[in-house]
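Sharing a structure, written as structure tokens. Questions coming.
Chain IDs A, B, C and D follow the sequence of writing; residue 1 opens each chain.
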Amino acid sequence: MHKIALIGAGRIGRIHARNAALHPRLALAAIVDPVEGAAQALASEWDSRVATLEQALADPEVAGVIIASSTDTHLDYSLRAAAAGKAIFCEKPIDQDLARARAAHRELSGARMLLAFNRRFDPNFQALKARLDGGSVGVLESLQITSNDPSPPPPAYVAVSGGLFKDMAIHDFDMARWLLGEEPVEVFASGSCLVDPEIGRLGDVDTARTLLRTASGKLCVISNSRRSGFGYDQRIEAYASAGMVRADNVVESTVQVWGEAGAAADRFQNFFLDRYAEAYRREMDHFADILDGAAPSVGYADGFAALALAEAAAESVRSGKVVAP
Amino acid sequence: MHKIALIGAGRIGRIHARNAALHPRLALAAIVDPVEGAAQALASEWDSRVATLEQALADPEVAGVIIASSTDTHLDYSLRAAAAGKAIFCEKPIDQDLARARAAHRELSGARMLLAFNRRFDPNFQALKARLDGGSVGVLESLQITSNDPSPPPPAYVAVSGGLFKDMAIHDFDMARWLLGEEPVEVFASGSCLVDPEIGRLGDVDTARTLLRTASGKLCVISNSRRSGFGYDQRIEAYASAGMVRADNVVESTVQVWGEAGAAADRFQNFFLDRYAEAYRREMDHFADILDGAAPSVGYADGFAALALAEAAAESVRSGKVVAP
Amino acid sequence: MHKIALIGAGRIGRIHARNAALHPRLALAAIVDPVEGAAQALASEWDSRVATLEQALADPEVAGVIIASSTDTHLDYSLRAAAAGKAIFCEKPIDQDLARARAAHRELSGARMLLAFNRRFDPNFQALKARLDGGSVGVLESLQITSNDPSPPPPAYVAVSGGLFKDMAIHDFDMARWLLGEEPVEVFASGSCLVDPEIGRLGDVDTARTLLRTASGKLCVISNSRRSGFGYDQRIEAYASAGMVRADNVVESTVQVWGEAGAAADRFQNFFLDRYAEAYRREMDHFADILDGAAPSVGYADGFAALALAEAAAESVRSGKVVAP
Amino acid sequence: MHKIALIGAGRIGRIHARNAALHPRLALAAIVDPVEGAAQALASEWDSRVATLEQALADPEVAGVIIASSTDTHLDYSLRAAAAGKAIFCEKPIDQDLARARAAHRELSGARMLLAFNRRFDPNFQALKARLDGGSVGVLESLQITSNDPSPPPPAYVAVSGGLFKDMAIHDFDMARWLLGEEPVEVFASGSCLVDPEIGRLGDVDTARTLLRTASGKLCVISNSRRSGFGYDQRIEAYASAGMVRADNVVESTVQVWGEAGAAADRFQNFFLDRYAEAYRREMDHFADILDGAAPSVGYADGFAALALAEAAAESVRSGKVVAP
């Protein structure tokens, strides 16, 4: 059993707390949160205890930390955890500032750090990647990544989110890199404000298309909207030389109703915590593997590269030009 | 070019007229119908001429006749056409009376007669049979045939229809025989009147399940309703030793609408003349082949056997017992 | 927290142990199994302790028992648990002998007893029932229940299983009663041995179709095979006066591969413990509700009625006649 | 009956000949083709006669002409037909040279000219547009148009085709304009040669993504490949403020095979003449309407605008910049 500490008892922290507490190789030894009531409630629920960050990092029995606190703390806490010799499970994005993220290269690129791009652990996307890697569809040529939220976040969130590309599309940039197997060398993006004018007033876009191109000419389109109108829309199409592999949305049940208007399927899952529940479990399982000695499958370098693509896309929207990330 | 005559200028007759007239190897030489206006209109539309049955059968240039008149004339006209040496394309059912149908055995079992079970010519069901015959799913073990009409016919039609089994399920009995490749030796059926009480007052049922069993133990369920509530419902599932093949309903378009309630497909085709438009064309093509010398793929013996199964099913509903057809 | 004891540490017992141990309102206080090693291993896994049946039933702190032992003990242990005043969670079937099951009526019909027909707790079938109960598709008229196992059990299991109807179709009889909302009054079944001749030598069938009819004329077909050839096949179609509701199989992922041969979906889940994982969790949740005072939604009377239908179906196969359950 | 002449007896000309000959309001009065054998064969098939272009245009009984000859003749023949007062059905593209096409503005923008963008007449895309126009999914915000050919054309064709954008994507540019209801004001495209290096040597691309943006900020992505590896791939997704409408590929039959590997659908239609057979019929029907006096729903201006977008896309690939069409 590896003892771990959780930093951040908010929505995503509570998911990780549950998965860590139920994991056969992990023990949730400490909960850290500036809001003491939140930390205490979560500690009670999972038979853990409240600690300060300093206590958690100083405890030699704590082998790893989960950083699920606010985005502006990700980089700082990661550096402190790395300095303390802990394994790190850090929520995305690694930071909103590319220069700051780059500055941490020396300390973090060698750390035992899992950058929590949860979609890499989704069974559907893993199955898609397995088909591609299996080779039966030939060589990957292009990708279509569709990623639309059910409904827009409140303006207060948008204001501090870092913008659509760093906050939302960053997952898609990571998926693109993961599947393309090559770095994009050109980024072009076009964005609009079609969903909520308030988002535009805050200087952000709510609808975007981003076109990535790799050195060998592979093409990838990322489609984003802050509001789908039909649930959480997370799909990928991978076009290869001998066929196409795709992963579709997940429905709430297999039920269909057939009526005069035709066959109607059940709703798509509407909430990312439902859609990716299994991904979060598998992600935690990988963290246990890392604590057992495995190399992280996704880490600092991936967090940095996705952030660089997000910044390039935002710059492309501003300039109307192709940007090299 | 084979000259043919059409007997019956009603709804289904008009379909056959068009397919015959447009067929590169057929010429629609005569239209016969007691309602002269109907015959005349159809003859004008396809540049044909009106004739009496006697004239058509006496014309040595007429090589074949299409019998699309009322059910009670099918057998008589077939016998007369056979006596005149014509090839015969006869609408189903061959008759409503099993004894009468049996009595025609000597004259019709050797005739060049196409019994018009159109579903055998449907591209979807043909594709299903091709998969079964191809052998990749192993040996057929059981069948599920689902056949529901969009909405019930008017009571006046029900009264003369011969009942659900002879009028509607007769197609399904033929499909069962075609796909099973073996004769059913036991028939059990249960029927209810759930759709329209008037149908019950006429002594018929509007909802039924029929279970067929062959000598080797293959099982087949036929599900019928006079009203689906969701369009024309024509599906088959064929369970074999190494998998299952099925044919689904046909939609009006490939359009889907995705909304808060989920993904909704377009309506199923609602009308048998749409659903089986291509089947009617292929059926006519087979008639041209017969006129060229091919053996009919479905004929008198099939019409008789399906009728025997229909009669057995009706008898089973009455007696509550298993019936040998 | 309600303390409960688990009787039976076999395959299904281990599932229930996990769900009970992780349930926020249940504590797994004791494990009972004649094979001490099995009991001990499971007790260690979930921080419980080993006990004898007598100890568990005598412990006043134990509020409920889960009976997951062999079928021949279900009824006896249920009676003993009821006598001890415990709430009961009993695996299906309640017994293989209808007379024995009937004899327990006085003691068990009033017990706080959950008969573990897990499919009632499957999210897909619950969603189907919710659509029916919601009324938007009108009044239920007929049902098609398809229930095929991926591959046949070993003959040794078949020999003691009670036969296809009591062992396998009993779930489907329960689903039929649950959805029809009316008791079947006529049962007709036809069975064959098409999958494994050894099953036939043991006096059982491996392929069957059962036709149920209620007093009001509702019809239900149950299709069973011991081997589908394409995974665990668990589907329901419910035909109502204004449409149809159906629940389909569950796929392993949403991935499709599109190639020259067309679009291929991922495999269906192949194992009942995967397919019904969530059903087992919800079932345990309902047991917690019962311990909190709720009335069981499915109990002794349901177990008895399903067994009576299974016996009627087996009798119909033997006699070739309609049987009243 | 309107008498019409067909110019061009090649592959697409033969399709139009059939549809015109079978149309109840059209008579195929003349066939024009420099290859006399081709013209003669088609005239025989449909009971028409061979003529020169001059004869056809001079014949006062000929009310309309179908221009299905090689691309470099489209504009010239259209001008001559317009001068002769004929209604025009002209195959796409209107020309490969934007300046030449622009120069015909005065003569053709007022002509009774149907520019044969057949996809506007496809029942699936028409159903999609009807859903959008019906308003139930709200206001259109973005489009995804996927258009991949089954396999690449021979290099000799590529060399004279005008390039991927003018030859193949031109249909998609027209679909974008038709559905967006607004003119794109910015075009960005990225293209690669991934399918056949010979295409690259000819200066063309075989894989492309094009991003269009309208003045109001609507976004449209067009995905093209000269080779799908899985049949003719023609799909549209239209994202609107209250949902999404999409049109999928067409399968050869509704048959599915379920096996150990999962459910496999039948192949997609592999050939554009099959996929768009009904579109070609409806297109001809619209030409009959035009001859009856209706205004063309798609004409010279649309052909010109699509060509301008194609040229802008090609220029964007060359320059790496956003281009205004």
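Here are some notes:
Criterion: a residue touches a chain if its C-beta (ideal position, glycine included) is under 8 Å from a C-beta of that chain, and two chains touch if they have at least 3 such contacts.
Because the structure is a prediction, the values reported are computed rather than measured.
The pair with more inter-chain C-beta contacts, choosing from A-B and A-D, is A-D. The chain with its CA mean position farthest from that of chain C is D. A straight line joining the Cα centres of chain A and chain D is 41 Å long. With centres taken as mean Cα positions, chain B sits 57 Å from chain A.
Multi-chain contact residues of chain A, defined as those touching 2 or more other chains: 137, 229-230, 242-244, 252, 258-260, 266.
Listed in rising order, the residues of chain B touching chain D in the complex are 22, 123-124, 126-128, 131, 136-137, 242-250, 252-260, 266. Per the touch definition, chain A reaches chain D in the complex via residues 137-138, 141-142, 144, 146, 148, 186, 188, 190, 192-195, 207-209, 211, 213, 217-219, 221, 223, 225, 227-230, 239-244, 320-322.
Partner chain A is touched in their complex by these residues of chain B: 229-231, 251-252, 258-268.
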